[in-house]
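Chain lettering (A, B and C) follows the sequence in which the chains are written, and residue indices restart at 1 in each chain.
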Amino acid sequence: MTDTHDTSSTTTGDDTGHGRRRSALAALGDRKKERIDSLAEAGSLSSAEGVSLWQSAWRRLRRDPVFLVGLGIVTVFVLIAAIAPWLAPHDPAARLLIGQVSPATPIPPAQEGFPLGGDNAGRDTLSRLLVGSRQTLIVGVMATLGGLAGGMVLGTIAGGIGGWADSLVMRIVDVMLSIPSLLMAFSIAALFARPSQWTVIAAIAIIQVPIFARLLRGSMISQRHSDHVLAARALGVRPAAIVFRHMLPNSLGPVIVQGTLVLAVSIIDAAALSFLGLGSQDDSVPEWGQMLGRAQVFFNSYPHVAVYPALCIIVVALGFTLMGESLREALDPKSRR
Amino acid sequence: MTRTATTSTTTGSGSGEPLLSVRDLSVTFGRGRRAFAAVDQVSFDVRPGQTVGLVGESGCGKSVTSLAIMGLLPARGNTVTGEVMFDGQDLLRLSQEQLRERRGSELAMIFQDPLSSLNPVVPLGVQVAEVLQAHKGMKSGPASRKATELLNKVGIPDPTRRLKEYPHQLSGGMRQRALIAMALACEPRLLIADEPTTALDVTIQAQILALLRELVTESGTALIMITHDLGVVAGLCDQVNVLYGGKVVERAERHDLFSRPRHPYTGGLLASIPRLTEERGRRLNPVPGSVADNIPWEGGCAFAPRCASEVEACRSTTPELEPDRDGLGPDRLLRCHHPLEENPLDDIRTHQPEDTEGGPA
Amino acid sequence: MLRFIVRRMLQAVLALFVLSVLLFAWLRSLPGGVVSALLGERGTPESAAALRAALGLDQPLPVQYWRFLQRALEGDFGISNGVYRGQPALDVFTQRFPATIELSIFAMVLALTFAIPLGYLAARRRGGVFDTGSIVFSLVGVAVPVFFLAYVLKYIFAVQLGWLPPSGRQDVTINATHITNFYVLDGLITREWDAAWDAFKHLILPGIALSSIPFAIIFRITRAAVIDVMDEDYVRTARAKGLRQQTIRVRHIMRNALIPVVTIIGLQIGALLAGAVLTEKVFAFTGIGQALALGFELRDYPVLQVLIMMAALIYIIVNLIVDVTYAIIDPRVRT
C-alpha cells in the first residue's frame, strides 16, 4: 500500500513540475508538435499498435474458460483430422461387415473390433467418423476461405475506393443479404446437376461473401479517416499500398471473429445440404454432414447412426462458436470497460 | 481511520433543524486490497430552503455522494456506510420500496446530460406525467394537464405541443428545463442538481441557473448543487463544501470562501475562473495535475503532490477537518497543514509583478 | 413517418427487381438449360424445340427477361415435374402457403415468449449461474443442426413416448372442414374443437424444432440490449423519479431494449423459412418447406422457381413491416 502511494505521488509530482514550467507559447507549440508526432507515430507504428491490441486480447483470453474450452475442442478436432488415417482401426471404405447387412437388419450392431458398429454398407462407423473429420474440416475451411476471398474483393473495392464503387457494390451486397441465406445456399446447390463436395463448398462460400464484404467495408471506412491512414496518405503512399499495408491488416480482428463463427455455420449448413440430397453423392470418402444427412432413413429404428455424426458436428461447431464469441468479446473495446 | 468526525456546524441562511443531515458517509468500491473509497467520511447538513454546494473536480466524489443519498448506486460492487438522516429517518436503512416512495416526491434529482437522461423513445409528456402518476396517484388525464402547467412554469413555450414530442426534437436547454419540471413535479423538499449546466451552452447555462434559483426560492426547496465550477457556486449557494479525493477539505459560507479561500485547492479553483475584467492574454491558473483515481489519504495529504504550499507535515500526517479560526466568517472548517494566508485573486487583481510576503512557499 | 415508409417501400421494390434478375439468371444457368429443366427428362426433341420457341429462347436476353417477368406477373411459372406432376407450380404454393405461415407464426411466438423474458432475467442476474447456464444453452442450441433436433424430438415424444403425432398436419381420421387452410384457425371458425386441437398438437414438435434458432439469437440479443440499456442515464433518471419497478421495466428498459430485438426478428424470418424446409421434411408437414425440400431433391425447377421467389417476397415484405414497426417504436428513425 505504501509502495503504491510513493510511486503514484512521485509521478504526479513530476508531471506538475513540468506543467508549472511551461509558458503559454510553449504549450501551444507543444500541442502542434504532439499532433504531428501522434500522426506520424500512428502511421509508422500501426502494426505495433495492432500487436498490442492482440496482446491485450490474448491476456484476457488466456484466463477465459469459454475460450479455453473452445480452443481445446478445436485443437483436438484439427489433430484428429491430421492423423485420422493412422488412428482409424479400419479402412473407412471397406465393406467389412457386409455379411451382416440384410433388408431385415440394415445396420450391423456394435461388436468386437467395431465399437460403434457399422453402416448400411457394412463399413466401420468409428473409422468413418475419424476419417470424416478431415472432409468436414476441409468443407468448413474452404467454404470460409472462399467466402472471405469473395468478401475481401468486394469489401476492398467498396471500402478502399469508395464513391460510386462503394454504392454499387453495397447495393449488390444488400440485395444478397436480403435473401434468406440458407435458402440461397439450397438454390445455388440445386444448380449443379452432379452435386459434390465442391458444389457444397461453393454454395456455402457464396452466402458468406456479402457478410464478409460488409464487415471489411465497414472496418475500412472507419479507418479511412483514422490518423495513420491520413498520415500515410499525406506522406504520399500509393493508394493500393495504403489499402493493403495499412487498412486490411487492421481489419483483421473482426474478420477473424467472423471467420471462426462462419466455420461453425459452414459445417452445420453442409449437413443441411446433404440432408436435402444436395450434398456429395459419393460416400466412399466420409464426411460428417453427409453421414448425418444419409442417416435420416434409419432414424426411427436405428437413431445411433445419426447420433454419432450429429454429436461430432455439435461439439465441433460449439468449439468454433465458443472461440469466436470469446474472441469477439476480447477484441471489442466496448466490453473492456 | 480515527477521524474526529466533524462536529455539526451551524451555518447557512436556512433556519431551524437540518432537513438533511449526512454523517460520516463513506462509499467504497471494490473489495479487499483493490477497494477504494470514492467518498470518505463526508458530513454536512442542509436546512430547509438552503442551497449547499459540493464543489470539486471530476473524481472527487461529489456525484457519488449525491447518488448515495438518493440510493441510486448500483446494487452490487460498493459498500455504503454512515448515516443520511432525512426528516428523522436514515435513508440508508430504508427498504427499496420506502426509498422509492420518497424519490421523486420528497427527494428529487437532476442530472448532467439532459439528452441521455431522457428516455429517447417515450414522449416528453409521458415522462413528466409518470412522476405525478407514481406519487400523487393521478390518472393520466389530470397528470398530463398538470404536466402542461409544469412545462409552462419552467419556461417551455407551447407546452401542449411539446408534450407530444420526443427528447431528440428539443434543444439542450429545453431538455434540461423538462428534467427540472419532472424533478419539481411533486414539490420535493430537497433537490439535488448534479452539474446541471455542464452539458449546455454558456448562454443557456445562465438561463437554467436563474430558473433554478427562482424555483428554489419560490418553493422553499432545499438544494444541493454539485459542480466543478465555482462560478455557479458564486451565484447560487449559501454554503460551499469543497471536496478533494472523497473528503471535504474546506467548508465556508459563500461570501467568506470567495473573499478568503484558505485551502490551497480552493485557491486553485478560484484562480481558474475566467474573468472579464482581466488583462487579456493572462493565462488562467488551473490547478496543476488532476485527481488520480486512487488518492490515498493515509500518511499524508492527498493534495500534497499538486500543492504549491506543501510543507513537510503534508507528506507525513493526514490533516484533519478542523474549525478554522483564522479564516473569515463563522464556523469555517478546513483540512490543511499550511493554509493560504491571502487570497490568490488579490495577486491577480492588482497585477503585482513580484510576490509580496507570505506567498505560497 | 409517411416519407420514411415510402422510402422504405422504394427500397423494397428495388430489392424485388434485383431479385427477379437473380432468379432469371438462376433459371438460365440451370443444368441443361431452361427447357430441359421445365420439361424434365421425358421431354422429346420436338417438344423441346416447341417450348424453346414458345419461351422465346431465340430472342436476345433483355427480351427473354421481359417475357419472364410478364409470365411471373401473370402467375405462370410452368407445370410441376416433381411429386406434384401436372399441377401448375403456382398452385403448389397457394395450397401449402397457409401451413408454413401457421407453423412459422407458432415457432416465432414460442421463441419470443421464452427468449425475451429469459434474456431480461439473464441480464438482471448478469454473471450468475442462471445467466451463464442460459448462455451455454443458447450456444449449444445454435450448434445443433435443426433437422437433427427435429428427429430427436420426433423420436422421443412421438415414436417412443407417443405423446404427440409424428407427422402431418392433422389426423386423417378427423373429417375437418377447411376454409382458410390454416387448420387451427379453421377448427376454431367451424367450432370443430377436436380438429383445432389435433392440428395444434401437430404443430408442437415441428414448432419447437423450428423455434430453436430464433430462440437462441433473440435470447442473446435481448440479454445484450437489456444490459446496455440498464446502464443508460435515463434508467437512472427513471429510478430517481421514484417510479415503480414495473414501470421502469416496461416503459424505460424494455421499450428501448426491444429496438434491436425487433430488427433481428425480421432477419430471423429468413432463418425460419430455411428452417421450415428442413423441419417440414422431417415431420412430413405439408407446407411450402416440404415442397421446397422435395423440389430440391427431385430438381422440380418450376416449383422451386415459384417457391423461392415467394419466399424471398415474403421475406422482403416482412422486413418492410418490421422496419415500419421499428419506426413506431423508435421515434428517432422517423425523421
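Operating definition for what follows: a contact is a pair of C-beta atoms (placed from the backbone, for glycine too) under 8 Å apart; a residue touches a chain by one contact, two chains touch by 3 or more.
As the structure is a prediction and not an experimental result, all values here were calculated from the model.
> Per the definition at the top, count C-beta pairs in contact and tell me whether B-C or A-C has more.
Counting C-beta pairs in contact for B-C and A-C gives the edge to A-C.
> Using only Cα atoms to place each chain's centre, name the chain farthest from chain C.
Between chain C and the rest, the longest centre separation is with B.
> Based only on mean CA positions, could you tell me how far chain A sits from chain B in angstrom?
51
> Report the inter-chain centroid distance for chain B and chain C in whole angstrom, where each centroid is the mean of the CA atoms.
So the centroids are 55 Å from each other.
> Could you state the distance in Å from the CA-based centre of chain A to that of chain C?
26
> Name, in rising order, each residue of chain C that touches chain B in their complex.
Residue list for chain C touching chain B: 232-234, 236-245, 247, 251-252, 255-256, 259, 329-332, 335.
> Help me check something: in the complex, which residues belonging to chain B touch chain C?
Going through chain B, the ones touching chain C are 70, 72, 100-105, 108-109, 111, 113, 116-122, 126, 130-131, 134-135, 166, 168-169, 179, 182-183.
> Quick one: in the complex, what on chain C touches chain A?
Going through chain C, the ones touching chain A are 14-15, 18-19, 22, 26, 29-32, 139-140, 142-148, 151-152, 154-155, 159, 269-271, 273-275, 277-278, 281-282, 292-293, 296-297, 299, 304, 308, 311-312, 315-316, 319.
> Name, in rising order, each residue of chain A that touches chain C in their complex.
Residues 171-172, 174-175, 178-183, 186-187, 189-193, 264, 268, 271-272, 275-278, 292, 296, 299-300, 303, 306, 310, 313-315, 317-318, 321-322, 325.
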